[in-house]
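Both of the next two complexes hold chain A, though its partner changes from chain B to chain C.
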Partner chain A sequence: MKRKTAEKRRPGSLRETRTIFFNGLFLKNPVLIGALGLYPVVAAGYNLRMAVQLSLLMLFISLPTGVIFCLVGEFLPGWLRPGAVLAVSAACYLPAAWLVNQLFPGSLNTMGIFAGLMICNSMVLSRCNDYAPAHLLRAVLADILGCVLGYSLVLCAVACLREYLQRGSVWNGSTGLYIPADRGTALPFFGFIVLGFLAALVQGINLRREKKSGREAPRT
Partner chain B sequence: MSEFAKLCLATLAAVAAENVLFSGGVGFSRVLRAARRPGLMGLYSFFVGLFSLFTLLLAGAVGPILAANSTILFLRPAIYAVCAALIYLAAAFLCRFLLPKLYQKIAPVLAPAAVNCIVLAMPYVQRRFSYTGWEAVGFALGTGIAFYLASLVLAEAQARCKKGCVPRAFRNLPATLLYVGILGMVFAAFTGGKLF
Partner chain C sequence: MKKSVCLKKERTSRSMLGSMLLALCTLLILPTVYFGWGPLLTTALTVGLCCLAELAFCLVSRKPVSLSDPSILVTGLVIALLMPVGVPYWVPAIAALFAVWVARGPFGGTGHNPFNPAAAGVAFVTICWPQRVFAYAAPVGWLPQWLGHSALIPASSPAAVLKDHLKPDIVPFEMLWGKFPGPVGATAMLIIGACGLYLILRRAANWEAPLFFLLVAAGIAAAAPRIACSPLTSVKYELMSGSLLFCAVFMMTDPVTAPRTSIGRCLYGAFGGAVIMAFRHFSTYEQGACFAVLACNAIAPLLDRAVLRARAWGGKRIET
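Entry: the complex of A and B
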């Protein structure tokens, strides 16, 4: 409560909200920097359609769960909160899964086990258990939207590459090119390798930014 | 088949051929975090095994009821997650109020272990409803062992991936992910392809 009040008083909170959003999106990407919720990316993200469906499912689960725990989370004792977050996330899964199935008929069957596992995705649980109860609603929304968007971008990028290598096409449409690739590109190990290189790219960019800001700092 | 043989086979399956951590890519975020706290790895793995056992037994009891109704079948993942949440709450409540000293020690790993048991056990609970008592014990034991071994391997890997000889952009997480990818390749050859 004290932290929320302090945040409310802090000036320039709109800029902070924007920073929170862009941190989740790129600079502190939950997958590439935080290593959160890796399994949908490495195991299920092997075609773009599935990646989009999982991203939507994640959004529909994490947004209401985050809002609920932003409003009531601080009133729950710490030992009780993880169980409550899990139960609420499970409850939010039902309308979320129904909604995704309406948007993409039959998607629940194609997503299989990965749809159900989204309930306990570590990104959803960490944002709702640790971040949401201690922050204002605006910050929570920015954080969740930024993280989900950042997560989805990585998931879709990895899925695009893997689908293209497997079928020479993306989203079930031929691109007119075919790169022969082993079936192994659909296996989790390939996902880990691609993710490793993407994480190195983001880390490299962050290091370069740090170096640049370090050089510029003495001038100002 | 004797009960002991069933237990051993289920344990072996969880550690090797059905190892969801390396060949399924499931539950990795938490293994990475467990590997960063070497002092708590054993306790963490013990609770992963214990919660997996309770979840499997509960799922074994609820499974036939869910399988009988196609409408309820849609609710299955949510019901399992709620079951795991209830098991966690019961364990946390008992430890906190009856064994406060023990709770202080296990508090950092209790909640992640409960969540991880869903991630590790749910794929098999969803596919197979009929884990007999001993198979469930064996699978839970195997899950705990697999989690401990994976944490052990990653703790060593993370220590090496931090070293100065690794290029800065690849240091820590990127190198660890590449390491896991190569290790996963070995498990993929062992399991012969996709688990799910």
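Entry: the complex of A and C
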């Protein structure tokens, strides 16, 4: 058992760390491949400002939680770990929410229930409960940063499209071209459709890479 | 060895798409008779824009440009036929651009797209501008183009009337000939049915998906009518309103996005029928055929995989 853990914890090269980071960013994107933490993307990501606030909140919650579970996760029994992740995530939420509110005054009110729901975001749970306890700190940091960045990119891209369709501007910057769309674009239904296309695109790229390299595509 | 002249010609994707194009062009005749040149102009715009968008995509992504590929024309025609008569030209234009640049090109073009590009384009504009996409006009007779869209008389489609749980005030004969408000090419039931038969007989389309699609939709319409009427009347109105029949014939049969196995196609059609009826019952839009097609496209590979696994499992059981 100890040997197995030691094998998992064997230090990897910088290239491996980079691969872990880029896997989270694109090839194993938590939203597009793992379908993790869908609700902020489909329900809350209807303007760029909100998307950035949620992304920062996600970063400030998942980073300390991941580090804590990388250090102490193995000492906790498997049945207790999900509950412990939620408790730590909830504890990290308070300073994270304060910090985001300092960066964007009034953002907590704007985010409403979506801010609180970040505590039990399935991406945080999966990275901190499954990945962090069995890996080195460097790998955990690369994984969390890659996943959060990949998550934020998808969230912001979907939010940009929806904001543009709704108001013809992105983050108050008018683009000149404007055909006002129906309010339906702000609803989760539209978010799911856009997310579906993006997920299919990433899956397609992964399949093409798999065919090209002749080896199995990375899966979560 | 000399090939017999009595042998049937081999089916190619080009010949299949040619049959599809012919069938789709047939659907333009009646709208032209009812509304004038408007539908033809919209079609020309959409098809032209699809071709230009494809050309631009090929140039940007440094792919070879295939001028002999008729699938892009099918995409343009389907988009135009699912639009209302007086729709502003930018709506089908955006649908065409979305279809080519988002649902078709990035996935590798012809034969590789997981979603029907036309369904994707129409679904996108439906969510963004539903008031424009569902703004139908009553057929009043030939309208010269110089009269413009102002001469059109706005009217509710039977699908919208059904959505309000009311009985459409249309004679079945008019429904068969498409003389009622609705998408340009999706109203003439007789022509669509004939096109479906032609495509199936020419083996340009499979029969499983549309048959099960219609059977399940009819079953749900009979079991849960949206209006106070007999089950048969409910089936009649549900199948003849909206773009249900059009999607069954021209979108569910798409060989690229449908499952490869026969059983898979039956399940695919049945799922589509259930989804479209669910959309009619529970969604805010009067028509959800394109959304149903997209949902079906998403599960097509899963159905194929399930059928192949079931076959392999059955084979193993027989061997043991």
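The working rule: the second predicted complex is superposed on the first by the 202 of 220 C-alpha atoms of A that agree within 3 Å, B and C clash if a C-alpha of one lies under 4 Å from a C-alpha of the other, contacts with A are read in each partner's own complex, and residues count from 1 in each chain.
The definition used in the following text is that a residue touches a chain if its C-beta (ideal position, glycine included) is under 8 Å from a C-beta of that chain, and two chains touch if they have at least 3 such contacts.
Quantities reported herein were computed from a predicted structural model and do not represent experimental measurements.
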Next item on the list: Consider chain A as the common anchor and indicate whether chain B and chain C clash or fit when overlaid.
Entry: clash
Note to self: Just checking: does A:Cys120 make contact with chain B only, chain C only, both, or neither of them? Give me first, second, both or neither.
What the structure shows: first
Next item on the list: Give one of first, second, both or neither to describe whether A:Leu57 is in contact with chain B, with chain C, with both, or with none.
Entry: neither
Note to self: Just to be sure I read the superposition right, which of the two partners does A:Gly184 touch: chain B = first, chain C = second, or both, or neither?
What the structure shows: both
Item checked: Residue contacts with chain A in the superposition, chain B compared against chain C -> B
Note to self: Applying the document's definition of touch, where does A:Val170 land relative to chain B and chain C: first, second, both, or neither?
What the structure shows: neither
Next item on the list: Figure out whether A:Leu86 sits in contact with chain B (first) or chain C (second), or with both, or with neither.
Entry: first
Margin query: Which partner chains sit in contact with A:Ala97 here, chain B, chain C, both or neither? Use first/second/both/neither.
Written below: first
Next item on the list: May I ask you to decide whether A:Val158 touches chain B, chain C, both, or neither, giving the answer as first, second, both or neither?
Entry: neither
Next item on the list: Based on the superposed arrangement, let me know which partner A:Gly204 touches: chain B (first), chain C (second), both, or neither?
Entry: both
Next item on the list: Identify which of the listed stretches of chain C (24-32, 42-50, 150-158 or 294-302) has C-alpha atoms clashing with chain B after the superposition.
Entry: 294-302
Next item on the list: Using the superposition described at the top, list the residues of chain A that contact chain B and also contact chain C.
Entry: 184, 189-190, 193, 196-197, 200-201, 204
Check: Which of the residues in chain A come into contact with chain C in the complex?
Finding: 165, 179, 181-182, 184-185, 189-190, 193, 196-197, 200-201, 204, 208
Next item on the list: Would you pull the chain C residues touching chain A in the complex into a rising list?
Entry: 90, 94, 102-103, 106-108, 112, 114-115, 120, 123-124, 127-131, 284, 291, 294, 298
Notebook entry, point to check: Which chain A residues qualify as touching chain B in the complex?
Noted result: 32-33, 35-39, 42-43, 79-80, 82-84, 86-87, 89-91, 93-94, 97, 108, 112-117, 119-120, 122, 125, 129, 183-184, 186-193, 195-197, 199-201, 203-204, 207
Next item on the list: Spell out the part of chain B that touches chain A in their complex, as residue ranges.
Entry: 23-30, 32, 74-82, 84-86, 88-89, 92-93, 96, 103, 107, 111, 114-115, 118-119, 122-123, 126-127, 167-178, 180-185, 187-188, 193-194, 196
